[in-house]
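Same chain, two partners: subunit A is paired with subunit B first, then with subunit C.
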Partner chain A sequence: MTKQTVAQRIGAEPGRITRWVILVVVGLVFAIPIVSMIEFSLSSNNGHGYTLDHWTGLLSPESARTYRTLFQGIGNSFLLAAVTVAIVLVVLLPTMILVHIQFPRLRRVLEFICIIPITVPAIVLVVGLAPVYGIVVRVFGGSIWTLAFAYGITVLPYAYRAIQANLDAVPVITLSEAARSLGASWPVILWRVLLPNLRRGVLAAAFISVAVVLGEFTIASLLNRVNLQTALLQAGQSDPWVAVIFALLALAFAFVLLLIIGRLGSVSRNRSAQ
Partner chain B sequence: MKPRVALKYLGLTPFAIYVVIFLAIPTILAVGTGLFTADGSFTTENLLGLFAPTVLGTFLSSFWVSAVTAIVGAIIGALVCYAMLGTRTEGALRSIVDSASSVLAQFGGVMLAFAFIAAIGNQGLITVWLQDAFGVNIFENGVWLYQVPGLLPVYLYFQVPLMVITFMPALQGLKPQWAEANATLGGTQLSYWVRIAIPVLAPSFLGSLLLLFANAFSSYATAAALISQGAQIVPLQIRSALVSETVLGRENMAGALALGMVVVMVVVMWGYSALQTRTSRWQR
Partner chain C sequence: MTSTIPTTGPTAPSLAPSTGATVELVGVIKDYGAHRALDSIDLSIAPGEFVALLGPSGCGKTTALRALSGLELINGGRILIDGEDVAAVPTNKRDIGMVFQSYSLFPHMTALENVEFGLRMRKVPSNERQQRAVEALEMVGLERMAQRFAHQLSGGQQQRVALARALVTRPRVLLLDEPLSALDAKVRVQLRDEIRRIQTELGITTVFVTHDQEEALAVADRVAVMRDGVIEQIGTPEELYATPATAFVADFVGLSNRVSAEIQAGKVLVHGKKLELLGQSLPDGPVTAFIRPEDIAIESRGIPATVVSSSFLGSLRRTRVRLEDDSLLSIQHDVDTRPEPGDAVHLRLKGSPVSAVPRT
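What follows is the complex of A and B.
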């Protein structure tokens, strides 16, 4: 028997058995839907026995034709992810740095603006986005990338939090004043002093934006655009196996992205603790 | 104004313009259109339409689904957080649960609907297994997965992980010294939880509960993927109002519904942030 800690003896912490019972039961229940998806993707069309056909079928030459919409959706989603990340880097990031250094009083305002998309969810925003996109289409044309303007708003709370955590942990003002007193211009300060220090926060913001954009359904669906999720739903009606396989792949991809974000976060915590 | 100062403010304009066009204007349009008819004259008809029995019914279903999944999700999530107490912050177990939670909390929408159809759909793994092994038919009274009750297990799948993410910092904030002080003063396990831990955790628990409620109330994708037709909850009603403005016999009904949703969301999120400021006292 292992030695109990003080906290365990006086009941502030769970014992070993309690802990593992809770974690194993919840873990098993949460594994069921994922395992069911894997099982389904391996089942044969007639429902008897297992086969790898649906997975290997994706590699066959004709699959590109059969699943055209799906591949188009994947392409669109990656394009949207890239443009959204660009918006975060070009529009949000410089503003956050500027406010942090020059307008400390506006910090609360900026925070408030960036949190609004949580209170005004996508399903509400899309009601007002429909007329706005009527104009956007006239100005920029109807290509898919314009949807990234809306996604830039959707990812605002996540990107803000990731970058702000990093801004708070780094002495940005001291660094920029030091650089300025050494004669550096603002572009040089931004590029060679601040960005290297904000790398983790910026990377985390980029990855979480990609994860959110790849999972976005509401706006694309109601504005009649094709992205990964709307294409998945459509594919699910004609070929559920392929739809489930792609859902699994997308899930695995999101897991890797968020795992990287977690690592970025924990490493920067370690550093600041030293 | 000096040119340098003007230049400084100029730096804020790209973000300001972007936010005005793609956040402020859509929000105002969304909540404002409900007050006007299609030809631009003011009307309260759409707002009164919110109190029609069918619309009230969908708001009630939305409240019901959000409340049940928030409460059950909060309790299960809090149990998981409790189970994690005393494990090392940088340990493998903690990082696995953290990563899994952040992935699953984001795992809404079409993929989640697929997962549950594969698990407890008509021919799902669990459905068939229960039928074969125990002769239990979970859909004896109709296939509820594609109706409002079906949203409950599906929503719980992202509610519990969200609770783990939001509530863990609060549980982490319980100081071991408090438990020691309680023991030194002759307190029992019961007195520690009832008189110390639960009062300290209550604001955070309630705050997380509200966040979960808002999360379920505003989520659209999962329900849309699972329930392809009809307007059983508010987001789905917005869908049918958008797809066909005349479904309810009123123009701009989507705007009125959006306004109704925003009112609920503002109240809930205001409560959340009020509770959050009370919580942060203990986490320093």
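What follows is the complex of A and C.
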């Protein structure tokens, strides 16, 4: 039975016109705000005609002084992204591998724990985290990077899914047993055998964590920290153009990250299919 | 415990025949919660011997192999390799080679890199490592596939690379955990014979786990038949086939007809014919006798039966018949005799000795 006849039989596949209508509608929903933002960022101060001044102005020394908070927010967000990814790699990844190989019965428990943050609104999370951060500040000081402890929790559901999908696709237990029988120690197995085969999942988890951290506003705002989103809000109150330009750049960066994740996924699927 | 992986010097001969190691399992016990997977197993394997662990799923054969490899920790008993108790030695220090049931090549490495892996762990110098890996691939006939990745190899080729990888380090013991079960029938026979040839050439002590009795009988010096965590019988393939010690062994090794019979004065009385009893003598009374299909012939006179089905098996034919008491028998005969379902035939017991167990 051909693919088309199966689809017709079960009525699962929409017709060509329906597909195009859905594509155009969804495309417009995404494209209109982005095009509007681009159009706005190119508009002149008096609203007549277009100019690149708002874009080129960002590079001037004067802007560096004016938007110091914004550039600090960008720096902070990248630092937070790096520390959050480190937390994912150092804490979550080894835990998941350990549970997968040695304690498979705990897998459901771990999955439940990792999924919880997605069900808790950020505002509720902050209420819970506020007293905890009182202790964190006493122990580690009030540096911006400590916010990564909270972000490490918020990215758990996304990072868990990305890594688990890869763990399920690779015969981790057999590979590690084969390596042990050949004389490899656990650190060697992790570094030389498992990580190269979990590369796609780990990279996807890292990229999606970066995207989540760059877009985070609520926790940073309520805990009085400066990151990209809080700085954008602040900048937007005095200069709406620059806020829109940075929002566009953040969108473009997240888009590139998602493209890379998608590419990694397709490479993985092609390789499995061979 | 001083067990470490031996490293080899640059002048060490590669894949030279070895004398093999002795392997002993002494009272080995393995529990999974309340379930006892190995119940005080005793097994002694001579240097260079090829022993197959045979049994149905869940009998404990793979657990025994994994206990020997260190992948499962045991709850009691001792595991001795060349007299050294390795029960507490981790897998990576036991100096064993292992081939798994599922394909276990490292997907991100080429065949050559896979084979080199064990040598790399033993810190063998680069030149010697590569030379020995190539030799190991030559041994399994895959030197031309050295630069291919696992997904570019067939199942049989992957298992041959896995065999080369397990052997290249010259381990004390080679453990094979159903390495042929994922392969198709023809490749299976080829690789089975290749494993036996290489094992004989290298003289390495080998333990082979399988649920396929034909496979076990074809390659092993001795076969240990396992059931419910114990070894029911261990012996040469011929011993197991000709003199099964228990009903289970008779049933599992080869094909046997279970026939109601009587013990009379040390003989087995089956359908009016007295046959010699194999193994231990039994007291007079009802027994179940195990008669091989090749020990029954189709004749013009004898026990009346009706043909149920008949299958052509290449060099012989196997026919299933129903007796007047409604019991079914399998008969093995030459291909020239071609009974059709429904045909009335007569059977004759050839008179070969049979094994029997008391009927409960």
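Here, the second predicted complex is superposed on the first by the 254 of 274 C-alpha atoms of A that agree within 3 Å, B and C clash if a C-alpha of one lies under 4 Å from a C-alpha of the other, contacts with A are read in each partner's own complex, and residues count from 1 in each chain.
We adopt the following convention: contacts are C-beta pairs under 8 Å (C-beta built on N, C-alpha and C of every residue); 3 or more make two chains touch, one makes a residue touch a chain.
Predicted model, so just to flag it, every value in this text is computed and none were measured.
Visitor: Would you mind checking whether subunit B and subunit C clash or fit side by side on subunit A after the superposition?
Guide: fit
Visitor: Counting residues of subunit A touched by each partner, does subunit B or subunit C come out ahead?
Guide: Larger number of subunit A residues touched: B.
Visitor: Which partner does A:G49 contact after superposing on A: first (subunit B), second (subunit C), both, neither?
Guide: It touches nothing on subunit B or subunit C.
Visitor: Between subunit B and subunit C, whom does A:L92 touch in the aligned arrangement: first, second, both, or neither?
Guide: In the superposed model, A:L92 contacts subunit B only, not subunit C.
Visitor: Could you look at A:T174 and tell me whether it touches subunit B, subunit C, both or neither (first, second, both, neither)?
Guide: In the superposition, A:T174 contacts subunit C only.
Visitor: Once the two structures are overlaid on A, work out the angle subunit B-subunit A-subunit C from the Cα centres, in steps of 10 degrees.
Guide: Approximately 100 degrees at the subunit A centre.
Visitor: Contacts for A:L23 in the overlay, against subunit B (first) and subunit C (second): which applies, first, second, both or neither?
Guide: Only subunit B is touched by A:L23; subunit C is not.
Visitor: For A:M37, decide between first (touching subunit B), second (touching subunit C), both and neither.
Guide: After superposing on A, A:M37 lies in contact with subunit B but is clear of subunit C.
Visitor: For A:F255, decide between first (touching subunit B), second (touching subunit C), both and neither.
Guide: In the superposed model, A:F255 contacts subunit B only, not subunit C.
Visitor: According to the stated criteria, A:P121 is in contact with first (subunit B), second (subunit C), both, or neither; which is it?
Guide: Once the two structures are laid over each other on A, A:P121 reaches subunit B alone.
Visitor: Looking at A:L233, would you say it contacts subunit B, subunit C, both, or neither? Reply first, second, both or neither.
Guide: A:L233: touches subunit B, not subunit C.
Visitor: Can you work out, in whole Å, how close the C-alpha atoms of subunit B and subunit C get once everything is superposed?
Guide: Here the least C-alpha separation of subunit B and subunit C stands at 10 Å.
Visitor: In the complex formed with subunit A, which residues of subunit B make contact?
Guide: Checking each residue of subunit B against subunit A gives 8, 11-12, 14-15, 18-19, 21-23, 25-31, 33, 76, 79-80, 82-87, 90, 93, 95, 97-100, 102-104, 106-112, 114-116, 118-119, 123-126, 157, 160, 174, 176, 178-180, 182-183, 188-189, 192-193, 197, 214, 218-221, 224-225, 235, 238-239, 242, 254-255, 258, 261-262, 265-266, 269.
Visitor: List the residues on subunit C that touch subunit A in their complex, please.
Guide: 5, 69-71, 90-93, 95-98, 100, 102-108, 117-118, 121-122, 151-152, 162, 165-166, 169, 175
Visitor: Where on subunit A is subunit B touching in the complex?
Guide: For subunit A paired with subunit B, touching residues are 5-14, 18-20, 22-23, 26, 30, 32-37, 39-40, 47, 87, 90-92, 94-95, 98-99, 102-103, 106, 113, 116-132, 149-150, 152-153, 156, 211-212, 215, 217-218, 221-222, 229-230, 232-233, 236, 240, 243-244, 247, 250-251, 254-255, 258-259, 261-262, 266, 270.
Visitor: Okay, in this complex, where on subunit A does subunit C touch?
Guide: These residues of subunit A touch subunit C: 170-171, 174-175, 177-185, 188, 193, 196-197, 271-272, 274.
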